Amino acid sequence: MDYFLNLINTIGIHTLLGLSAYVLLLTGQLSLAQAGFFAVGAYTAAILTVIFGWNILPAIGLGMLSTGSLAFLVGFPALRVRGLMLVVATLAFGEFVRMFFYNFEWRVIQEGVEVGPEGTMGFSEIRYFAEHGWTNWEVTSLIWVFVVIVMALIWWADQTRSGAVLRAVGEDELAAGTVGIDVMVTKVAAMTVGGVIAGLAGGLYAHQITMLDHHAFTVLLATFAIAYPILGGVSSVFGTLVAVIFIQGLLVEGLRFLGDWRMLLFGALIVVVMNVKPRGLFDSQMLRWIKNALRLRFSRGLS
Amino acid sequence: MDDFWFEFVEITQSIGDGFLFGSTYALIGIGFTLIFGAMGKLNIAYAATAMAGAYSSLAIFIFFDASLIIIFIVSAASAAILGYLVYLSCFRFIPVHNHLAAMMASVGGLFFIDEVIVHTTRGSPLSFPSMFAEAYFEVGPYGIRGDLLFVFVIGLISTGALLYVLFRTRLGLATRAVAQQDVAARLCGMSIHSTNSTTFAVAGLLGGIAGAMTAAAVGILSPVMMLPLTIKGLIVTVIGGLGSIPGAIIAGLFVGSFENVVMYVRGIDERDMYVVALLFVFLIFRPNGLFGKTITRD
Amino acid sequence: MLEVRALSKNFGGVKAVKELDLAVNAGDIFGVIGPNGSGKSTLVNLISGVFSATSGDILFQGQSLSRLSPHARVRMGVARTFQNIRLFPGLTVWQNLWVARNSAEDIRAEGVSYRWFRKGGPVKKEIDNMLEFSGLADKGDELASNLAFGEQRRLELARAAATKPRLLILDEPAAGMNQDEIRDLDWRIRQLRQQGMTIILIEHVMDLVMGITDRIAVLNFGSKIAEGEPAAIQENKSVQEAYLGQSKDD
Amino acid sequence: MKRFTRLASTVVLAVAVTMPLAASAADRSVKVLGWGAKSGPLKSFGVNSEAALRSAIAQINAAGGVKLGDGSLAPLEVVSYEDSACKKDQNIAILRKTASTTDAIVGMGATCSGSCQAMYGVLQKKIDDTSDSGVQMPILSDTCIRPGLAKISEWAFRNVPNEVDMYDKLFAWLRSENPGVKTFSGGTETDQGHSFITHTAIIVQAAVRHGFEWVGPSVPELGPKVKQGMKELQAAAKTQHWLMGDTNYSVQARKIKKQNPDMILVSSHPFSACGFLKEMQRRKVKPKLLVGLTSSASQETLNGCMSAAEGLIIPTGFAPITPEAVSANEIVSEAGGFLDLHSAAAWENAYLVKTAVEKAGISATSDTVAEDRRKFRDALASISATAGLIGPVTRDGATGEASKPYVYVQVVNGEWKVIHDPRG
């Protein structure tokens, strides 16, 4: 059971990471900075619980706050550029953050042992869950409470005008400007929200994995962050979840029994999916299909 | 005074070495920029195809003990084929306007190529032959590596050849036409797909040479080189200005020397930070890169 | 209402608009005509803020627009449509109008939460009326991309109107329309004027322009060669040479 | 088509999820589960260790297997050997999978220090600490050489050479052998925690201790904080740095050429060690002595830069010097792997498991897994010495750190040759 809970936790965390990119993707922005925000959130939360002995919730909260404000500040200069330029700019930002933690050292003595981030040696023994006797069920529910809340919020916002405005900017920036939408503000807002969500994911990740170092926050992670919403499709938040289950559940864990052939299949399957379903696994037609299915179910239920 | 001269020599030497190494970045940058210029799309798998080309040429060397020139040719050829395959699998059948899907597919391509290489080589670093490895010229206080010079020259030749193809042949004309106005080009009866695939093949050729160059310059091939090379290539592309070949060349050489000087002055821990900072400076003060055209189309 | 002073726009060496002066009175339907490449669309882009002028100034109700970004100009009451339709294809018809509610009074009227997170109330009523007016009442939940060409034109017009502009600029709204559609468009434009909008109409279809406008400015090679009542313009020699010339031969 | 893909993926998923469950039905045998990198750049780790582990266990079973608590003999069974790609989260996933979905009494992974560091973190720190909800599963790692990992959990055991001791003796010996060698210099890769800390805190310090002097200014003793000490060291001694994925080593090589030391340390994995060695070769840097990081005492180094590595001296935990080592070496290479300091540890661990099982007297039934694991762990903790391939492996009960014998090997004519056995 333990194993499946662990897998579910991973899926939860990666879903949050994917959603942080999803929000930006709505406005047509492709950001590789999410891994950077993820890292900042992770280190902040971990430092607060390990060095300052905070409770995990405020720790993660402060982590989200810091990543949010960081994203806000980065947003203004970064979003001046578009398309590939933005991809590379955000990629560079992510690398910058990574290298910061690669040089970042803050060791303190606690009960005779030295704890805290130690540059390239990493930041180990973030054992909040274990030390406070959290069972896996509790960890899983903590993570998924957050996942559900975030998904619900985004899904709901998507029904409201704010969601429509985000998508409008994503569809056609110029037209959006000429109907009175402040494109810059919209984008920066999306960036900030994305940052907050990535920070949340990072905070949870740090305590789930118990050890942080710069290897965990490379371009690879950033690529995964955008891969989820792209693979899943931006027509619905559930797309991201589906994609995470596809990658983490199927490709990474599910195919483990294939041994060293697994990773070969990994890349190939991504290529195949993008060719078969360019708009994502969970595209609008799939959405319609499901809606109809549900409607049928209901009507049957009523009659 | 003496140690001033000492420092001066050292720094200029660093610039020189970096400059020579920069030629590999330049070629990778050109590859990215070619494909972006032609399709407006990002082929993440590009550097991977380059390295794959180098690997296949290494196989030729190991099994048939071919000369270095052959190696470069083989590397270029196989990378060209790979480039075409990448086009088929990641771009050809994906809707033209769906840039995200195409990019994602090429990411998948990168993972796949990378893993194939690891699978066949067990990820072990492999020794790569280099010509004139023994030639090391001492010019006054300076030292120049013969094989690096050789690599650099090959870089120049291939770039020259590319420019000739682009600006003196019909193929090049078509490519640039498609790049500038694909609709108009289609109306003139050009096949977008054939042009694109040739672009990928040509880019692949360069990539293969770049891969072999890098391998020859370092002397080894290892899968851990792939990601850093991809990132550097992208940075060079952007600094040079999207779709600008001279831009990519100059940016490549520039980044090469810049990072090497920083390496000398500040050390490894800060080298890449400074490169990234350099990129930011460009994005803020020259958002379209060195030679990028300003995009005014609405 | 709108005053354009010595407005110029260069693209590299090309002078798309040079030293242009215009004055549009409140409540008018003001026509702008001219051969292709005479700078009409550039003028629209300059007024709506898509391009920034090389020199000169644009005054809207006495305030200069030149420094303002497109959305700020919309908030002041200047809206436009595009020659090549630019809807939000992935949004529904209803949403296309919804996101366009950015007029000063809307922002004032709807509270923040109401504005961003609620669909009902006056908002819904107004948008439904707008759809009614555009003959799209039954298509509210369609994706904009699924509409027929004529419907898309009507939707874009409605979207521009949804920003409650005081000045509405229509960039060749009749392009590609048949007679009935043009007649229908004519009626709509008059309706909008009824609602108190001042309208600038850039158009090639002469009968529409001549029939509906109060004043007409004629552009050629980026500068104004004539301005006046439709009738006067039709008589104007230089206009005929520059533009109506060919129609005299048959 | 689409429907088909949907169908296919669901089927695969179903199979995938039921897979681990399928593993847990079996008769009476002592189950172990191993993992390592079988994909990614470090693939060789996993491949070699798996070959070593499987062939050692095959050998044990051929000899009758292991004695259980009730005196009966049962075979050792490798439930599976998973691919962790040396990724932290995957290692943790496998650890939890092993603990919760299999009857394995010990998990045997996973070579890479970083992975182990994360993995040990999810284990229970202290046994019998009920307030600690960490996983209770004995882990016996091959290598994971980064110093001080054992303290993270009492459930974690490693089979690693004691680097401090290893290099201390190495330089003592080099000192006596090469009185002519005075100055030294060198470099390391800073993005690999193990290489970095070993270079800083162990190798350089040992060299200094034995009277080699760093070219130019003298090297300070390290401060309390390693990274800080590293900075001082760099400031004072101008040690060279690079990254594992680098392609240009010209600056570092030139600086060392300028220093012109008698001895050069290359504390780096084969990937970058080879790049650097080749650059030095081209720049005509010819030191009297060349000393490397123990992780480079492997086939990869020879693949990467046989000629440039000529003369490289490395202390290693494995070399075919004893009959056991020789035969093991042959068996493993038949099984398609190389026996080096990493995989040799995997081989030895198999025998360590045998000893511990027989000491613990477990009953190896599916309903006694929990106590079997605990018994096994205690037995493992109580073992202070076992027979390794090239000599007894001892373990310090207090720190939990193992220390195994080692020899000094050198690249001679493109092959690893044993040049000295410190045990005399």
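Chains: A, B, C and D, in written order; residue numbering restarts at 1 for each.
In this text, contacts are C-beta pairs under 8 Å (C-beta built on N, C-alpha and C of every residue); 3 or more make two chains touch, one makes a residue touch a chain.
Only a predicted model underlies this, so the values are computations on that prediction, with no experimental measurement involved.
Between the contact lists of subunit A and subunit D, the overlap consists of B.
Ranking all chains by how far their C-alpha centres lie from the centre of subunit C, first place goes to D.
Interface comparison, A-C versus B-D: the higher number of contacting C-beta pairs is recorded for B-D. In this assembly, the C-alpha centroid of subunit A lies 42 Å from the C-alpha centroid of subunit C.
Centre-to-centre separation between subunit B and subunit C, using Cα means, comes to 48 Å.
With centres taken as mean Cα positions, subunit D sits 72 Å from subunit C.
Computed from the mean C-alpha positions, the centre of subunit B lies at a distance of 36 Å from the centre of subunit D. Subunit D has residues 39-40, 43, 47, 190 in contact with two or more other chains. Among all residues of subunit C, those that touch two or more other chains are 50. Among the residues of subunit A, those in touch with two or more other chains are 102, 174, 260, 263.
Subunit C makes touch with subunit A in their complex at residues 48-50, 69-71, 74-75, 79-80, 82, 86-91, 95, 98-103, 115-119, 159-160, 162-163. Note for the complex: subunit B touches subunit D at residues 10, 13-14, 17-18, 21, 24, 115, 118-119, 122-127, 133, 136, 143, 145, 147, 214, 217-220, 222-225, 227-229, 256, 260, 263-264, 267-269. Listing the residues of subunit B that touch subunit A in their complex gives 36, 42, 89-90, 93-95, 98-105, 107-116, 118-119, 227, 231, 234-235, 237-238, 242, 269, 272-273, 276-277, 279-280, 283-284, 287, 298. Remark: subunit A residues 25, 30, 77, 80-81, 83-85, 87-89, 91-93, 95-96, 99, 102-103, 174, 218-220, 223, 226-227, 230-231, 260, 263-264, 266-271, 274-275, 278-279 touch subunit B in the complex.
Remark: subunit D residues 1-2, 5, 9, 12-13, 15-17, 19-20, 38-40, 43, 46-47, 80-83, 85, 88-90, 92-94, 96-97, 99-101, 114, 117-118, 121-122, 124-125, 130-135, 152, 190-193, 196-197, 225-228 touch subunit A in the complex.
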